[in-house]
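Following are the structures in question.
Next, two complexes with subunit A in common: one pairs it with subunit B, the other with subunit C.
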Partner chain A sequence: MNVHYLFSLIAVVALCLIAFVGVEWLGLQALFGVVLPYAAVLTFVVAFWYRVWSWARSPVPFRIPTTCGQQKSLPWINAAKIDNPTTTGAVIVRMLLEIFCFRSLFRNTHMSFHETGTGVRITYRWEIWLWVFAMAFHYSFLVVLLRHMRFFFEPVPMVIQLLENLDSFFRIEWMSSVVGIGLPGVFVSGLVLLAAVTFLFLRRLLSPKIRYISLAADYFPLFLIMAIALTGIMMRYFLKTDIVGVKSLVWGLVTLQPALPETVGSLFYVHLFLVTVLLVYFPFSKLMHMGGVFLSPTRNLTTDTRARRHVNPWNYPVKVHTYEEYEDDFREKMIDAGLPVEKEQE
Partner chain B sequence: MADLPKAAELIKIDHKPKAKGWMETPVNIRPGMYCYAANPKSLDYMGFPNVREWNPLDQDWKLPNNWKEILFEGIRERLGRFRSFKIFMDICVRCGACADKCHFFIGTGDPKNMPVLRAELLRSVYRNDFTMAGKILGKIAGARPMTLDVLKEWWYYFFQCTECRRCSVFCPYGIDTAEITIMGRELLNLLGLNIDWIATPVANCFRMGNHLGIQPHAFKDMLDFFEDDIEELTGLRMGVQYNKKGADILFITPSGDVFADPGTYTCMGYMMLFYYLKQEYGLDVTWSTYASEGGNFGFFTSHETMKRLNAKMYAEAKRLGVKWILGGECGHMWRVITQYMDTMNGPADFLEVPKNPITGTVFENARSTKMVHISEFTADLIRHKKLRLDPSRNDNLKVTFHDSCNPSRGMGLLDEPRYVIQNVCNNFCDMPPNTIRENTFCCGSGSGLNAGENMEQRMAGGLPRANAVKYVQEKHGVNMLATICAVDRAALPDLMKYWVPGVAVTGLHELVANALILPGEKERETDLRQEPLPGMEDGTDE
Partner chain C sequence: MNDKKWIIAGLLLFTVVVLSPVLWNAFKTPTPPEPVLSAKAKAAGYCVLAKDQMKAGHMQILDVWRDAVVRQGERVYKSTNGKEFNMSLSSGENSCIGCHTSKVEFCDKCHNYTSVRPYCWDCHNAPKEAM
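Up next is the complex of A and B:
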């Protein structure tokens, strides 16, 4: 039994219950709708920047980029300008590709052993799925996030409207007496997000290697995001939360005039509380890879280390063995062997 | 010394981790898979702390009483000094993309050889001592306190990583396990826990100028011996110069090439190339007995030790008043030169920007370090048609090229050696793309693990490389593995003998020297290995 994922699952279920009980039975709308969201945003902003600042505070004593292609050397040899970048511009391109296209992950391979007539052959085949689902996950999350900006602006900016229209491209018009899928327009991003999170979870669960390396801290954010997506989807397509009420609540928060419309159901508060938890959890967890990737010294430095000197701010003098000490040690032998010396023997 | 299992046994590898979690699985230090502890004399000579006799197999490692405190302080100090270390401790998401990229994992199936877990060994302690989540949530957050078992685990697995950086190519955040291993080994060194295959070369290099501890007169003797061999072959004496003030170029190469086959043939290759350039173009190259080591096992000890050993290169270039430095074929030496030397011991403003006086090429890429790789140098000479070559002398060879880890992923020296090989040999083919260039596999013996007592570890770690060689041997009849690293030349012959019998190992400049037509040479009947040249076999012309 995998305690790591059970623990995380229980934690997320408990979080849902806390919000539900708090709102439904204890009437703590003000806590879950106003106090905690404000506190979470504040925590997120402060802690995120603190983490980034604490990384940036440590110097980069040596330039240690990983070179993933031919160096720039002789003029007639084609250099890999992006994978072995010698200029700041090329580093920026390399970083943009890392951040927006997950370029290194795109290289992923899968190793396997095969019996052949002459023994074992090891192969390394291109493995694209982790990249596909990682891209799907991050981009759908981004779209979902941007879509939610409609709650934060009045009037809703054109870009967001446009994004929403694109996102609901596959509009399904299907009605029944029980559910009316299609009426609000189905957002692809929400479904892709849920599918991608599910894949990432199943991968952790089913691949023996990945299961072995996974910590509770790896399952927890997956379950959390899964629960956020599920509650969001429930509200939109099934329970039909009062969207005008939600907007007035969020708008109240944005304009610092909090209001708690009666019409907003407890599922919304569960959704909001999970987001609150995510915001607080983010800066203290591995999710900080979002900030860290920008600072990774194996990717964000130029490789022209032989052409341009890099300065180490804490470079200190060390004890060396000088030539004089060396010659003193071996002078007689050197002279006998006919090797030149600085000082002839006394 | 442990018995080495047969190849047919060693290849039976189970890559599926056991059900029990890794934190609950204590380390099992197994003979054949580790290197002997450092000789106290060597550590003492370097002034390292906590010097003592100890044995990895003993229960008691005779640690100082405050060893946990030393480690805690050591980690704290390094977090403050290296952004790389700090970020790599924090941002791993354990996506597992690195897991099957490590040659030691592929070759052993030991899950703690997955780069992610190797780093987690250290991260778990970091979380426990330095992060809020770890302090509050403990094991749930992946934290665990430092214990003697954890320390032993560190020692075993940080000396089971060759700092080859293959995993860092695939990591979406560029997390470099080499960097973590480097820190791990620095920390272990604070407790006197080095291995002898690193510590003794370090002490030798410090005092005598090279890892092997060859004293100046003996160094000259060894090269004299090569002079005799070359004279027998070509009828010419190379007239190697030592410690010569005012020479154009100082040449520095790993001492391994002076000492053991097949590196010795590469060393002869350098001597013949320099003779040719002296005779034809008057280029004046000197060797040094003081800076007679290109490699730097200090790099496998600590940043400080690396700097202490590396200082000789610039110091000697300054003393001799040469224009610039030329470096021989070596792997980690070139990572040190490319990414550390100028920062640590520069600026070398007493040297000139390297310019090949024969071709007029200015090596702009080495404008600041003032040190050129001999592959770049020779490729430039060939390109400008400055060498008379007869590649048919290498016609008995079907050559493939092993990219060494450090020149590949710490430099990007990929096409220069291939260009040289293709101009001095007629038969060349590459191994499969996922096993060469920036995806190259380590020989399994790098970063100071090239000892005799850990043969099983080395053969397991070298399996992916060997398997790719086997592929081109079967498919294209490859019989020679060329490389530009002295550790490779020392390690790969054993590896080939074990996994791919029938493939020999050579340095690049052995191939060059075989093809190079020296002015005034007699007709050669054999190659540098004193084996008959193609067409010169006793009466059995092909």
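Up next is the complex of A and C:
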């Protein structure tokens, strides 16, 4: 048993129980349904500003972009325009590819040793699966998030309805009087999200090298998101909840006139509390790579360090004593000692 | 580098996006949907299941019924209180629509509110609405 993931797992289970007990036995619907969500959104925004601002204030005196291709030099040498961007436009393209396609993750390699007849050989293999599942994870999470906007807007915007139609493209139905799957219509994004987050967890668990460097802070968000997806899927397809009640709760929150529906089950409050925790946890954790990706100095700077002279903007004027001045000070003594001087005495 | 103005612009955009549901909707009047029960349904006072179960699970019942009718030819549903129903959405007095006579006033109220677009009416004729 690994203490790091056990710790995170226990933390997430405890969070579920806190919400369940709080709603089911203590009747704290107002706390979990109104007070905590408001507090969480406020914390999320303020702490997000704080974190990004602390990065913005840090000095970046040197250009430290990573160069992933030939720099622009002589006209007859082909330059990698995007991987070694010398103009702001190319930097923007590079950033867009990084943010939307996770380009640097795409180049992920896997190092391993192989026994051969002549000894142990080291190989670097292109490892694409992390990129595949990272893409699946982030985009399905985005779709899931956007789909939830049907609870936040009334009437439901056309784009959200369009997204729902796309997401429920595969009409999977398996109905019996005992167990029914497929109604309401199956949204693929939720299942992809759960599958991808499970892969990202198993990757940390099964690969010894990655397990060695994984800490509780790596497992906790994975378990948290896994639990959020699981409770959502349970609510939608299996245990069912009063969705009209859910919307009236959310709708009360966004119109700043909170109202508590009585018919919403405790599973919904568990789901909501986990999301609340995610919002609060977000700005203080590794999840801040959402804001951080925009501020990576290895990606968002131009590589024109040789083409243009960069003067540190906060350089203060340094008092210098040039050689000429030095010679002026000591010329006679230098001539007396037989040392060569640049300028002979008149 | 001197990029603070861009960072602030990004943060402002982020804040507006995050708070957009509140900024857009603040102080609007919450209007929970009120599906109208027809006089006939009100008079009957019961459905095939209890109200809570129907609210959450009616879509599954309809689908199980469809399979039962189409594949097994079973057309009668016996509810727990001994009443018998015609396993049909829209045919005759003893079907769903026989009692819940208005799609617009009953079905659509909650479906529109929660952005649910059931495909019942792809095949079935929607009941004629009383003008």
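In this text, the second predicted complex is superposed on the first by the 312 of 346 C-alpha atoms of A that agree within 3 Å, B and C clash if a C-alpha of one lies under 4 Å from a C-alpha of the other, contacts with A are read in each partner's own complex, and residues count from 1 in each chain.
Quick note on the criterion: a residue touches a chain if its C-beta (ideal position, glycine included) is under 8 Å from a C-beta of that chain, and two chains touch if they have at least 3 such contacts.
The structure displayed is predicted, hence computed values, not measured ones.
In the superposition on chain A, A:48 makes contact with subunit C only, not with subunit B. Contacts of A:286 after superposition on the shared chain: subunit B is touched, whereas subunit C is not. By the touch criterion stated above, A:77 is placed in contact with subunit B alone, subunit C being left untouched. Once the two complexes are overlaid on the shared chain, A:149 sits against subunit C while remaining clear of subunit B.
Number of subunit A residues touched is higher for B, counting subunit B against subunit C. When the shared chain is aligned, subunit C comes close enough to touch A:241, but subunit B does not.
Contacts of A:108 after superposition: subunit B is touched, whereas subunit C is not reached.
In the superposition on chain A, A:295 makes contact with both subunit B and subunit C. Contacts of A:60 after superposition: both subunit B and subunit C are touched. Under the contact criterion defined above, the residues of subunit A that touch both subunit B in one complex and subunit C in the other are 56, 60, 295. Chain contact summary for the complex, subunit A toward subunit C: residues 41, 44-45, 48-49, 52-53, 56, 60, 149-156, 160-161, 164-165, 173, 175-177, 180, 182-184, 240-244, 247-248, 251-252, 254-257, 259, 263, 291, 294-295, 301, 313.
Across the complex, subunit A is touched by residues 1-4, 7, 10-11, 14-15, 18-19, 21-22, 24-33, 52, 55-57, 59-60, 63-64, 67, 110, 112-117 of subunit C. Residues of subunit B touching subunit A in their complex: 11, 13, 15-17, 21-22, 47, 79-87, 90-97, 99-101, 106, 111, 114, 116-117, 120, 131-133, 140-142, 165, 168-176, 179, 206-209, 215-217, 220-221, 242-245, 289-290, 303-304, 307-308, 311-312, 315-316, 319, 337-340, 342-344, 346-347, 361, 363-369, 371, 376, 379-380, 383, 408-416, 419, 432, 434-435, 437-439, 463-464, 467-468, 470-471, 474.
Residue ranges on subunit A touching subunit B, taken from their complex, read 7, 51, 54-74, 76-80, 83-84, 98, 102, 104-105, 107-111, 113, 118-122, 124, 130, 134, 207-218, 284-286, 288-289, 292-293, 295-299, 303-312, 314-315, 318-323, 326-327, 329-330, 333-334, 336-340.
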